[in-house]
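The following blocks contain the structures, represented as structure tokens.
Two complexes are shown next, each including chain A; its partner changes from chain B in the first to chain C in the second.
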Partner chain A sequence: MSNMTEVKIIFTGTMGAGKTTAINAISEIKTISTEAVATDETAQRKETTTVGMDYGEVTVDEGLVLRLYGTPGQRRFRHMWEILAKGALGFVILVDNARPAPLEDLSIYLDNFKNHIAASAAVIGVTRTDVSAQPDIDAYYQYLAEREEMHPVMTVDVRRREDVLMLLDSLLLSREFE
Partner chain B sequence: MNISDGASPVEKLKAAQEKQQVEKALQRLLDMCAGATGALVATADGFVVARVFKQDIAEKSLAAITSSVMSLAEALVNETGQGPCQNLIVEGQEGHVVSLRINHTRVLTAMATRNTRLGMLLSAAKVCAEQLASTLGEK
Partner chain C sequence: MNQPILSKEAIALMLRMRFLIKNEFGELLSFQTQEAAAKFCEYGFRSSQPALRELAQLLSSLISAPVSEAPRPRESSILELLASDLIEQPVRLVFTRIPAFVIDKPRRRCLLNFSFEELLEELRPLGTVDPGLTRLEPISLGELAELEKKAISASLPGLMWLCGLQFSQGQLLPKPRSFPAFGLSRWPDFGTLPHAAQHLKMATFLMRKTASLDGLTAGTGATKNEAVAFLNACFLCGWLKRVEGVAPPAPAAPKSGLRGVIGRIRVRLGMSG
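Up next is the complex of A and B:
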């Protein structure tokens, strides 16, 4: 086991975008989750929301284990954002395209994790494009260009293992892990 | 943001009623434990329900952190096979903080000065949580 490398990856993004679901879809271990009954606007879509963190693990290559941490989505839990982001080598930002202003939602996480992302890498996964096709991928790239940032953007169904692994692949490609 | 934001009139009335009941219970907690400096009840997803503090406190942050640490403490006892979690005790250099679950959707956090006996704070908090559980029910 001496040549095993473990890398910390953060799943963050809009509440209800599917962070917990994504980690559950790929984890090889029984995931740890911290769900509470939702009383905010999340409750309209699902009964529970993450208030602490999610944790799972997946081996992507022989010798490369990704430790997957999911953050709560709501801004009131930004104390957890800071705690979890420490030492992370990549960020998966999930955006719910069916919400009123997905690009503004995205900016919350790009802004908050700005320094962490600058020192590592990020990939953006757009979910629920079946409910709302706009903004499309081009709009996301244009928005990132305006911010002078370059991250891969792709549509995903977070319930599908292969979709989530594809996100992680492109994240790993945009950064060389030692 | 408060728990009653965007709620219907009936929900707002219920929230106001609950706030009053909880404030009374929290005041009893502070009366029961002389060294207690404050107590707060939060929803399990991090909103303030009610609070009674002897000094100013960032109540919204405290409510959100209360729900986070309670959920993490529960994950910790479950993972180590010590569950279910009965309470969470944190001893700081300047004082103690304890958190307990009241029911499925409400969490209590209480704090006291360092000179307070931890057992006093914990038992006052337990009594308070039990009273509130019977007042508020198992929601």
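Up next is the complex of A and C:
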């Protein structure tokens, strides 16, 4: 392992936004996450929630491994965010468009990882647009402009591997062309 | 110039009126546009001269009737038509060669009596030829509401995007052709717009840097045709920015550690180029 270079990408976002699903879609190992039966806020939305964090990986070649981390969605695990964020290649922020205030949800993660994002890159994946079409992508860009930030925003269904790859690619290219 | 130009009869009437008005109010110069004609009517109706009032009545009926043969816009292809300011407001485009359809730019949609795919097929042969537009009919809000009930609504950015990608034939539209260099104001939503990996690359390049056409091809490995089609598509969707001063093509930056790592990951995950 000593000659291995490691890079990590962080998947973050509200509960049920699709972090576990997204990491599952690209990890080549069975993702390691601890799913618990959802109790509190999550319960009506889906059956399980991740306690702790998700972990998946892709062996790029003999010398390089890509580590994929999902931050725990539930706020009581927030202390883990900072540890995970350090040194990340970039952040995939997933926003569940069917929640009551998706732009406010987004702001939590943009604010929380502000310095880390400024030093790397972020991409915003808007999920469940099939359930709720509003706010539309224009509204997201409008919101980012108000914050004087600019990140790619894309409609995705993280159950589709190609959508998750598209998010990753825009993140990687953002770093490549910085 | 997006006002309809007046008919010969209307202009002749206005000339006669001007003669009379001149005696009454002094010089009135412009008589080329609908707006000017409306002013002439206003003067005429208020005038003490019966002859002038009568002419104003005539003129008013002339300019409120639909212009029978509107001048054909000069746009030489469907792309130029879509790029022009003729479609800023909701309009029905009536063609000689293809079925009419409605573009409602303020609401970013088009309203069709047939499917979006059929529209694209109809438009395809018109990519670089005169589209044979015969009329542009402004649509009132009431009519728009009626249409909504029966027409198929399709995304206007979707139409603009596909037309740009498919019908450019290596030619930048006149407006972006005059841009010294390009930038983008946002990423296209690749989650909904059909695209190739190359488009994501060009978009990210132009979001992070500005470049001329040559700079864009050099920086991304896209061919000139791919880059032109992409730039036209972004322009039609309103995302292309004019950048002053031609940035020289970026010399291929030496692969830093980070860029090398990114390249390896992209290859491994099957992201082309």
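Definition applied: the second predicted complex is superposed on the first by the 164 of 178 C-alpha atoms of A that agree within 3 Å, B and C clash if a C-alpha of one lies under 4 Å from a C-alpha of the other, contacts with A are read in each partner's own complex, and residues count from 1 in each chain.
Please note the rule applied: a residue touches a chain if its C-beta (ideal position, glycine included) is under 8 Å from a C-beta of that chain, and two chains touch if they have at least 3 such contacts.
Because the structure is predicted, anything quoted here is derived from the model rather than measured.
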Notebook entry, point to check: Which holds for A:168: it touches chain B only (first), chain C only (second), both, or neither?
Noted result: second
Next item on the list: Tell me which partner A:141 touches in the superposition: chain B (first), chain C (second), both or neither.
Entry: second
Next item on the list: May I ask you to decide whether A:66 touches chain B, chain C, both, or neither, giving the answer as first, second, both or neither?
Entry: second
Item checked: Partner chain in contact with A:131 - chain B first, chain C second, else both or neither -> neither
Next item on the list: Answer with first, second, both or neither: which of chain B and chain C does A:150 touch in the superposed model?
Entry: second
Notebook entry, point to check: If you stack the two complexes on chain A, which partner ends up touching A:5: first (chain B), second (chain C), both, or neither?
Noted result: second
Check: With the two structures laid over each other on chain A, which partner does A:80 touch: chain B (first), chain C (second), both, or neither?
Finding: first
Next item on the list: Return the residues of chain A at which the contacts from chain B and from chain C coincide.
Entry: none
Note to self: Under the stated contact criterion, what part of chain A meets chain C in this complex?
What the structure shows: 5, 7, 26, 58, 60-61, 64, 66, 89, 125-126, 129, 137, 141, 150, 152-156, 163, 165-166, 168-170, 172-178
Margin query: For a test of understanding, state which residues of chain B touch chain A in their complex under the given definition.
Written below: 1, 3, 6, 43-47, 60-61, 64-65, 67-69, 71-72, 74-75, 79, 104-105
Margin query: Please output the residues of chain A touching chain B within their complex, sorted ascending.
Written below: 32-42, 49, 51-53, 72, 74, 76-77, 79-80
Check: Given the complex with chain A, which residues does chain C contribute to the contact?
Finding: 186-187, 189-192, 197, 200-201, 203-205, 207-209, 219, 258-259, 261-266, 268-271
